[in-house]
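Same chain, two partners: chain A is paired with chain B first, then with chain C.
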Partner chain A sequence: MATKKKVLLKVIILGDTGVGKTSLMNQYVNKKFSNQYKATIGADFLTKELMVDDRVVTMQIWDTAGQERFQSLGVAFYRGADCCVLVYDVNVAKTFENLDSWRDEFLIQAGPRDPDNFPFVVLGNKIDLENQRVVSQKRAASWCQSKGNIPYFETSAKEAINVEQAFQTIAKNAIKLEDGLVFPIPPGIQVQPEQTQTKSSCC
Partner chain B sequence: MDEELNHVIDESRANYLDKDNYDVIVVGTGFVESLVAGALARVGKSVLHLDQNCYYGVNCSSFTLNQLSDMLTKPNDDSTTASVVQPILKNPYIYYQQPPTPPTPAQLPTQVEQPTPVEQPVATEQQTTTTTTNVEESTTLDTNDTSVESTTTTTTATITPVVEKEKEKETVKDVFKVGRQFIIDLFPSLLYAKGALVQLLISSSTSKYLEFKTLDKNYLYANGKLHAIPSTKGSIFKDNTFSLKEKRYIMKFIESVRSIVGDNSSTEENNTEEQEKQQQTGETLESVTKKYKNFVEFVKSYQMSSNVETFILYGICLIHPRSVEQVTVEEGILSVLLYMTSLLVYGESPFLIPYYGYGDIPQAFCRLCAVFGGTFVLDRTIGSINFNENQYTGITCSAGQPLTSKYLIASPSVLSPYIEAANLQPQYTKEQYSRCILITDKVIVNSSECSYITIPPNSIAGNKSTINVYQMENICVARGYVLIHFTTLSNGATARDDLEAVVETFAKKGCLYRDIDADSNSDAKDSRPNIIWSGYFNMDLNTSIVNNKSPLSELMPKGIFVSSDSPISASIDYQSQINEAKSIFSMIVPGVPFLEKVPDSEDIIWNSEEEQSATTNETTTTTTTANTDNSNLTESNNNDDKQE
Partner chain C sequence: MSDQLGSSKSGAVDQLNGNNAGSDKAKPLLIGDENNSSSSISIDDEDDSDKASLVAPTIDEMLSKIDETTLANLDKPMMVRKYQHEDCSTPEWFEHSKHVFIFSLSGKPIYSRYGDEVQLNTFMATLSAMSSFVESQKDELRYINAGAFKFVFLHRDPLCLVSIYNTSEPPQIVSAQLEYMHALVVSMLTQTNMKAVFDAKYDLRDLLGGTDKFLDNLMKTIDNDTSILLNSVNCLRLNYNTRNEITTIIHNNRHESVLFALLVAGNKLVSFVKQKKYSLKPQDIHIVMNFVSSTSSFRESETWTPICLPNFNDAGFLHLYICYIMPDVCLLLFSAQAEAFYHLSSSKDAIVKELESRNLLEELSKAVQNHGYSVEATGVPYLLHFIQNETVMVAVASSHELYATFSPLESKQNVFDSFSQLLQWIKDNESNIYNPFLKILKD
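Now for the complex of A and B:
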């Protein structure tokens, strides 16, 4: 196609408080894990460059900054998302049951142009605590299937299990969405410090 | 029974905050409140930010078409809540074109004819008890997607969200199917590329949360015509609305303004002739402020043509209070200068438009606040305010939880019941605005997708105050539609009274086309926009700042600060709102820098992470917005912000 593809992908991570959203992105981007639970403070977004099918892609992974706790994520958070990652804790049933409402919330707030084909990825996290597990892989997989075959990964941010693979799929699906747009959205300008004039490609 | 009751109590307490003591509680996520909340969290204050709505922004928010239509057709039910829910859209009125009669399938492919709006106007007076013939439309318009999706016969378009054809979406039903793709600002805005708000977004690192588009063109409507306002020297000389002599006047005026303020940024470009002229004037901002009563007088002293005067007073100086006489010399000069310095920064135009609507701006500051540990709860507000003598002590929030804080920040509309109860004389200024939001199938200003038009008083259909018009295409709209905003100060008349005639002149008669004389031309007629949907409403906005003071705050019990709920002012820059946020901030934390740059998020997370020893595993949700964490964050930021 004639137009140059957007290589910056915005990925947002949703899910109940405490399921490990921040840990997952830190494990993926910084290869670090902290055992101490801390309600998300200071987590904004992390960026990582990766290769997807011979293309260099910059993935920007946005954390909820704790605003999910009282269902108070504003619509601005969802703007321009290329992929939505839904995370639950395999050891806490409620976090799995809430996936439905997180998915709905995303579709309402983000208002993607083609909701049926918008890329979601589901991560069942904290599988390292296997003996406490309450949500079976089968149950989660069948939910994903019922929502239009959402890719499903069982992860452990702590043990770095499946994290790399999951984010690779996330990037791949996000890029597929961008490629599939009949009318690509022209990118906006970001205002930056002094004179580094961001070249806008809007005409 | 008791068990049941306990259960109910448990349920309601499930919503309780884990932490009940904060440094600051902010109520309302409007422009000023969000700035203050972000700034306070930034310096380590614990902030709880509530909003009575389930969305951010109060009067500074953006809505989908479906949401806006709901707000206009189902006015706030005041009886349900104790406090006043903002925003209040007064005098709502909706007009839309009647859908064409259902075509038979055979007619479908050639169906191009549309009823002209003039012949078949359908006015739906907003009222829940609709007794007109429009009941059917009203109900289908109730904008639940489900009702719109229901299989009715009138729609000719099969909507696939992405691919649509030109002729198939000219009815109101069709536009509501893609209504969610609209981002409609309650008060749209322009940001000067070098204006206070853009500077603040950059210096506070909140710009990373936002995207912008440059405005394509801005216009002045004068003498029944639209004049594109030239943005470069080159385009001034190409322009054919001014005579050569008038162009010289304009250049001379601008140079003189530059020299008065002592702005030498353009010296290199100046030829010697201009430099000489500059030296001749020898005026300073002080001397001209003494010399002239107001900006109008100052402009008139240059003895230019009235054309040029209008061009400067309304097209380049963008401060539009009720009367142009209210603009002071200093304000006017600085506004002209801001306009000039903002040119060619991000594009030809001096203006940026938020890519996803103005409502994202307060949210950017709220996110900053959250990143620094602020707690956000929407759909929750003040139940009552608690005092000890004349000292504020805390609130009981609408969920029934008592909360304490040192300070409370809220706007007059949130505080008004308490202001009245305390028998205080409110000293904020209240302005009423009239708004019209118009959705058309074609642009009203051809040749540019996103435009801004200033209409001076008494220019069109007897308008009393300056009217601002925004045309949006390609951003904030569903594909194939054009969104047009009209805003003006109201003198107590309804928005419909203030704006309908203007809208009709502009849109229906195709008067906004630059080539107005082509009215008789059939091509021009075809390219006239059809009004697909329009909504009118009034809004009252409170500004609590007078002369950079907050008199209302002074009258309030100690610990309460009053913020304006107005996202706009006479000037389109945001200096006054930013000043207000700064002044509230510095009353709470005197001498502390306001919204300093934030280090990269990578640094933030791992700085506070390193020192941790592994302890217990993840347990339940504990709101650990501890101060220690925040101060760690603030100390680590001195790397790259030496601008201040």
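Now for the complex of A and C:
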């Protein structure tokens, strides 16, 4: 807690099981990718420092379990999130169709003050498997537009395509929300009118 | 996590770095002068209850204050804390016997006793996930036993405080220590502001900037001070009549807006005067003494600063006048009036003048140097340690707690005899040991 103002953003990654949430995070933070699938149990946490418009920002990334049986963290998990990242697999239609319920789930659980303007980012992952693709870019983009112009990125955690850019946007949008909340600093502190002091009454 | 803590015992020894963590250069956070401190408390004429009605300062006011402090600090080198470079990737971090973490309910870091809280942000997120998991089952996580270590959680909306330790203290004690840490945070922000800032999704660290030192110091004190354990305050050993005279002088010369007046020597209370309908809990007194003793710049001049007393009223600030009347003796005057500074300053002048004219400062100075009782002084055989606690504010002979330690091999009869002897000694010396702590005076 030094006196310098720091920004720490809580970012939550949601999406169906196996869409590559953990892989995206690992690619972004550790620059590593593994083909082996390992289910996330409960949650996993990673952190990364980055620069956004000359500001040092620390991202605290909450990687969640996509599998329902591991989703047991409840409301507290979503509380105070600065940005929510929705991930789907461009090669599996169901994972795209479920984005709606992930988004709703988040809005219900987190209860942000201004749900219409809460920063989401959508990532269509696994674009390296181009010949298996079932969800078109156009379809995804139009869904994002209908939900209040959510930024959309097509990514590959494996090939490190668009991962850096996506997280940069995530941070930028999350900060915008913080900045929007900055209270104007008044010219001088207003002094409340004082009531007359009770005469001290010691027995 | 627990495995890591347990298995790293063979790691490097604590690394002390040479930086002056307790440097004199530190600038206190909450200092405002009479021009910019907000008026935040008003006492209702009609109100007979013992809670003053407070008006919490707005967040704007808080932020503007912080901003001024930040600006004032721009040209000063940033202070580096001890252990600042450590985190859960360095072996020495696991060597500390009692960690303390404070984070918000959203899992954002606020404070770590050892290491940089930002570097530890995923660690604290993990702790918050553990607590959330239990919370989602409509329960509350309080303790975890993990090998040699214990985890103690304290939930105080919108904060969560956690200690991970391997000392032999029971969780209840550590939990009480975390309560003190929480009270300190409230004393700097007020509960009202803290909630407002949290609800607005602000990073609480912005408002707590530069206050690590207070938390570090309090934790150090808590670890070594039995009076906190007993929910009491240490008093300076002083002649009964001397103390009486001092208290009377403070009482007679204080400005009418003074709610509480305390004279302290280090973390020991010399004298305490209060308005009848208000009272001050030991916890609040400790918070204030910690605040004052953590900031060496208070020694140089009179200070006027807002401070919240969590047990008195956690919704707003009182104004505190701080002045060292002698190198180790500090006068503290609490007022609800933001513009009372000059009145209180004159009160101080009058008090010092009268203390001087009656040679009481000299006596006080002697007492400060000679404080402490040795076990030998009691003349009680077999006794190793003793602690005594006055359980009620107004002294009544039968309302004391006495704790004494003897060798485990001592016979019951010996212990019993010694104990009676100790009681007698305390009775004989009673008037000097404590009691005047709360003197109710006649107007």
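The criterion applied here is as follows: the second predicted complex is superposed on the first by the 163 of 203 C-alpha atoms of A that agree within 3 Å, B and C clash if a C-alpha of one lies under 4 Å from a C-alpha of the other, contacts with A are read in each partner's own complex, and residues count from 1 in each chain.
In the analysis below, a contact is a pair of C-beta atoms (placed from the backbone, for glycine too) under 8 Å apart; a residue touches a chain by one contact, two chains touch by 3 or more.
Bear in mind the structure is a predicted one, so any value in this text is a computation, not a measurement.
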Practice item. Considering only touches as defined above, state whether A:Ala141 meets chain B (first), chain C (second), both or neither. Key: neither
Check your understanding: First (chain B), second (chain C), both or neither: which does A:Thr17 touch?
Key -> first
Exercise for review: Could you tell me if A:Val7 is touching chain B, chain C, both of them or neither one (first, second, both, neither)?
Suggested key: second
Exercise for review: Return first, second, both or neither, reflecting whether A:Leu50 touches chain B, chain C, both chains, or no partner chain.
Suggested key: neither
Point to revise | First, second, both or neither for A:Asp82, with chain B first and chain C second | key: second
Check your understanding: Between chain B (first) and chain C (second), which, if any, makes contact with A:Ala160: first, second, both or neither?
Key -> neither
Review point. After superposition on the shared chain, which partner residues are touched by A:Asn26: those of chain B (first), chain C (second), both, or neither?
Key: first
Point to revise | First, second, both or neither for A:Ala65, with chain B first and chain C second | key: first
Practice item. Would you please give the residues of chain A that touch chain B in one complex and also touch chain C in the other complex? Key: 42-43, 45-46, 72, 74-77, 79-80, 113, 181, 183, 186, 188-192, 197-198, 200, 202
Check your understanding: chain A touches which residues of chain C in the complex?
Key -> 36-40, 42-45, 55, 57, 59-61, 63-65, 67, 69-70, 73, 78-79, 104-111, 117-118, 121-122, 125-126, 128-129, 131-133, 135-136, 198, 200-203, 205-206, 208-212, 251, 256-258, 275-277, 336-339, 440-443
Revision key, fill the gap. Chain A contacts chain B in the complex at 17-18, 20, 22, 26, 29-30, 32, 34-39, 41-46, 65-67, 69-72, 74-77, 79-80, 111, 113-115, 126, 129, 181-183, 186-193, 197-198, 200, 202
Check your understanding: Tell me, which parts of chain B touch chain A in their complex?
Key -> 15, 55-56, 62, 64, 161-163, 180-181, 193, 198, 201-203, 207-214, 345-347, 352, 355-356, 359-360, 363-364, 366-367, 370-373, 375-380, 474-475, 479, 601-602, 604-606, 608-609, 612-625, 629-630, 633
Study note, to complete from the structure: In the complex, chain A touches chain C at residues 1-8, 10, 42-43, 45-47, 58, 60, 62, 72-77, 79-82, 113, 177-178, 181, 183-186, 188-192, 194-203
